[in-house]
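Next come two complexes built around chain A: one with chain B, the other with chain C.
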Partner chain A sequence: MEEQLNVMLEVKNLAVSFYNKSGEIQAVRDVSYQLKKGEVLGIVGESGSGKSVSSHCILRLIPDNGKVRSGEILFEGKDILKMSQKEMQNLRGNRISMIFQDPMTALDPLFTVEYQLNESLKKHTGMGSAERKKRMVELLELVGINQPERRLKQYPHELSGGMRQRVMIAIALSCSPNLLIADEPTTALDVTIQAQIIDLLKELKEKLGMAIIFITHDLGVVSDICDRIIVMYAGKIVEEGTSREIFYQHRHPYTQGLLESVPDIGKDQNERLKPIKGNPPDMSSVKPGCAFAPRCREAMRICVREEPPLMELSEGHCAACWGLLGAVEK
Partner chain B sequence: MQTIQYIIKRVILALVSLFAIVTMTFFLMNLMPGDPFMSEKASEESRAILIAKYGLDQPVYVQYGRYLKNLAKGDMGTSYVLQKGRDVSQIITESFQTSMKLGIRALILAVIVGIILGCVSGLNKDKLPDSIIRIVTSIGISMPGYVIASILMLVLAVRLGILPVSFNRPGGAVMPIIVLATYPTCYLARLTRASILEVMNQDYLRTERAKGMSELVVVFVHALKNSLIPVITYLGPLTASILTGGFVAESVFNVPGLGRYFVSSISSRDYTMIMGITIFYSALIVFMNLLCDILYKIVDPRIKFD
Partner chain C sequence: MADTLQSAERAPLLEVVNLKKYFSVKTGLIRKTDLRAVDDVSFSIARGETLGIVGESGCGKTTLGRTVLRLTEPTSGDIRYEGESIIGRDMKEYRKKMQIVFQDPYASLDPRKTVSDIIGEAMDIQKMYPDKAVRREKILELMRLVGLNAQFYNRFPHEFSGGQRQRIGIARALAVNPGFIVCDEPVSALDVSIQAQIINMLEDLQAETGITYLFIAHDLAVVRHISTRIGVMYLGHMVELTGSRELYERPLHPYTQMLLSAIPVANPDLSAAKKRMKLEGEIPSPLNPPSGCPFRTRCPRASARCREQMPPLTEVEAGHSVACHML
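Let's look at the complex of A and B:
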């Protein structure tokens, strides 16, 4: 029962498709997961795996040619997909906020940092202008921007990439959200800046206690920030477990492949990185069987005929692979 | 400080280009066959006297030197043919007032209608309003001014009789304003449409939505401001050309404006008038472009003056 109360976000059987001239592209196929209060969930996968689309759906920010075909997204018990436009606007940037991949283009170039920060504070909080100003300075300090008063007056082009992402984070945190969705927040940044942003997010999570959904294609990035990790492939969850389980007890060949393709400074210098051979499948024509089968080293005959269900290996650790059938039955 | 430096630099550059324009126009004009007094029904002798009186019998470079000297003193000379004996600067001032009155109204009309049409079109991409606006603006852009003027005259003045043909009657300014505004309206609509379509896909609009901003704020504060940047660039030359009067609109409707004088000064080889209007027109374009660049800087903080 207590477990149930702790669940803040529940995605149930979500399916999203995009429609273009050549037909339907199934971006997300039957994805379900839960997020507890204060939990950090990593969603990992290649480009086109549906990780971004599934999380953009939480704020209903998918492009016009995309459509949620079925499913529910319950946020604190209420289905987001059934909310009115007005309810949605009150939720966005307030209870749930989001930071995006490319900070270079995510801020409006024609408005100052102050204007863009002020917008959401004005919309969602009842603060007066002096109070908002104070809050803005606090927020910039919180995300590690020095000389906040001066920065507020600046335009996005006057800030570096890392600085802009910090501003984005400040905007996202401005109304103390319960959930922060970070969509590849470090992908477009230099490696050193990446580490700084990750550290900042970790620190903020400790301080503010909000839940985070951290989307990335790089397992190396999420290793020490996430409590749980979902691995997605071709619009489906292929493995789900705690960070530990995903890193040390992963069972799905795709997770294995992802981990092998992460560069590791401790490895033997002569050892080559092992990429996953082949390309992700074309989602406009979904074939029967496991979507990963054509690239899988361990594929069996059943893999190309029938889709494997998500099988529970231990409590909270699931994977969808026919190869695990024996392990589950035992 | 940087802005003042920039403006000074631009003004000096403008003077250089004006000098080049004066020089080129002067010599090209003198290459035209004939002279200002060709159509005079006077004897050969009296023509020769007139030519000698205005110094047109001297070598071209001497005339050029004299013109520059006078111009430096602010003297553009007197009209040879059109309003014989009157100061060119006086004629320009007078006729420019007429052109400007029409032009400002046409400009306001074009900017408001053009931008609104562009927004409606861009925000309803590939839907019915967009298709209609695209067809209408394509026609408006490709139809020459005299055709539009003739159709308007035929329909509004002759058939329906709701507007006078003559410019001097009440309501006489309506048709010239429409003719003046048609092309810029259509062009602005298309420019705004293209610009809005590009801006609507930008990441920062998604950020605004993710912040919980209403669609109204997203479109009319963020998208519109960003999409007006290319429009501003076009406004400079547009303002200059519209203010000096459409040559066609003024000729067809017999408006005593600058545009009409420009056309008739060339056909009657009224040398001082050609020079005067060319200089005025060029200076106005240069000035409007400078003004636009400054406006550009105000709207877009990324622009640097250097």
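Let's look at the complex of A and C:
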């Protein structure tokens, strides 16, 4: 019962498709997960795995040609997908906020940092202008920007990439959200700046106690910051578990392949990489069976006929693979 | 005898001497400032070796790769291929020997050309195979070599995924049988599961043909995996150059140490145990670089001397060169 009370976000059987001239592309197929208060959840997958689309749905930010075909997204018990525009606007940037991959395009080049920070404060808080100004300076200090008063007057093009991402984070945090969705927040940044931003997010999470959904393709990045990890492939969750379970006790062949295909920096170069053979599937024609089967080293006859369900291996650790059937029955 | 053989084998295929590439950038109405993209860089690459170049964006690594091939003209310095300077020479002859694989497999292939046109173009320019049947056979052979199905012969780039496009780009570079290829971030735009396929293929090609690579990337794990030696660049300068294992086990330059400690590891226990160096600041603007050592503004060990003088790249141990005053 207490467990239930702690759940802040619940995604249930979410399915999203995009439509174009040649037909339907099933981007997200039956995805369900829960997020507890203050938890950091990593969603890992390659391009086209549905990791971004499924998370953008939480703020109903999918393009016009996309459609949520079924499912519910419960935020504190209320279905986001059924909210009115007004309710949505109360949620966005206030209770739930988001930071994007590319800080260059996510900030408006025509407005100063102050204007863009002020926007959500003005909309969502009842603060007067002097109070807002104080809060803006505080926020920039919080995300580690020196000389905040000067920075407020600057335009995005005057800032470096790392600085822009810090401004984005300051905007996202301005109304003290309960949930922060970070969509590849460090992918466009250099490795030393990436490390700074991850440290900052970790620090902010401790300080502010917000939950974070961290979307990335980089397993190294999630290992550093996430409590739990979801691995997605072809629009589905293929494995879910704690960070340790995913890295040390992974059971899905895709998770294993993903971990094996990144070169280990601690190892000598003589060791050959083990890539996953083949290419990710074309989502416009979904075939029966497991989507990973054509690339899987351990594929069996049943894998191409029938889709494996997500099976629970231990509490909270699930994987969708027919090869685990024996392990589950025991 | 054994000695001379060894030294002949070790004779560098490519030598780069005091290479500079400055771009003139408008900084005012009339005023122009030099942007020193590559500033006094020297190195050599032995036959069959892979030299990796790492550094953050804006450090000049891509410009270095392009300047080595004279895709942009160097401001000064020398580039010698097989002992002969290529400066001032007609590059057509050298395009046959030195090739490049570009970073973006989407932008670097002409969308209106078929796979066979793309791979065959350089062959035609170099008039390598006047006989059509031979040419076709050669193109098919290259496609086989990089793992492209023969039935893709007349297909267009838009029909392929990123990984397959990069295979086309590699086949294109290989079409003229070059001895040297600049790989400019060849896997950065690809998904991780595909990256490993391409890296393995580049390694196989090297084992088969003895080709030499200059491998430019920002991903340190990938560079460590593929390179024999690695050079680290910062603001246009080469700050450390040594064997790939040596660099990771015993980095000497403070910037290299900082870079290595910033790499995220896909291993929660390790990353929890890993003590990260305090990472501060960002790369200064290359239009207004700091005086003396370019790294001094972020360096924990910087002293007065670093402000005044640019430390030269010095060999501190056999095969290990560092540009730092504090060693």
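Here is the rule we go by: the second predicted complex is superposed on the first by the 328 of 330 C-alpha atoms of A that agree within 3 Å, B and C clash if a C-alpha of one lies under 4 Å from a C-alpha of the other, contacts with A are read in each partner's own complex, and residues count from 1 in each chain.
Assume a residue touches a chain if its C-beta (ideal position, glycine included) is under 8 Å from a C-beta of that chain, and two chains touch if they have at least 3 such contacts.
The structure displayed is predicted, hence computed values, not measured ones.
Put simply, more of the residues of chain A are touched by C, taking chain B and chain C as the two choices.
Of the two partner chains placed around the shared chain by superposition, chain C is the only one that A:257 touches, whereas chain B remains out of contact. When the two complexes are overlaid on their common chain A, residue A:130 makes contact with neither chain B nor chain C.
In the superposed model, A:47 makes contact with chain C only, not with chain B. Touch criterion met: A:157 reaches chain B, while chain C stays clear of it. Comparing which residues of chain A touch chain B with which touch chain C, the overlap is empty. Those residues of chain B lying in contact with chain A across their complex are 202-204, 206-215, 217, 222, 225-226, 299-302.
Chain A meets chain B in the complex at residues 59, 61, 85, 89-94, 97-98, 100, 102, 105-111, 119-120, 123-124, 155, 157, 168, 171. Remark: chain A residues 46-47, 160-163, 190-196, 198-199, 217-221, 223-224, 243-244, 247, 257-259, 261-266, 268-269, 272-277, 279-280 touch chain C in the complex. Across the complex, chain A is touched by residues 56-57, 161, 163-164, 191-197, 199-200, 203, 218, 220-222, 224-227, 244-245, 248, 258-259, 261-269, 271, 276, 279, 282-283 of chain C.
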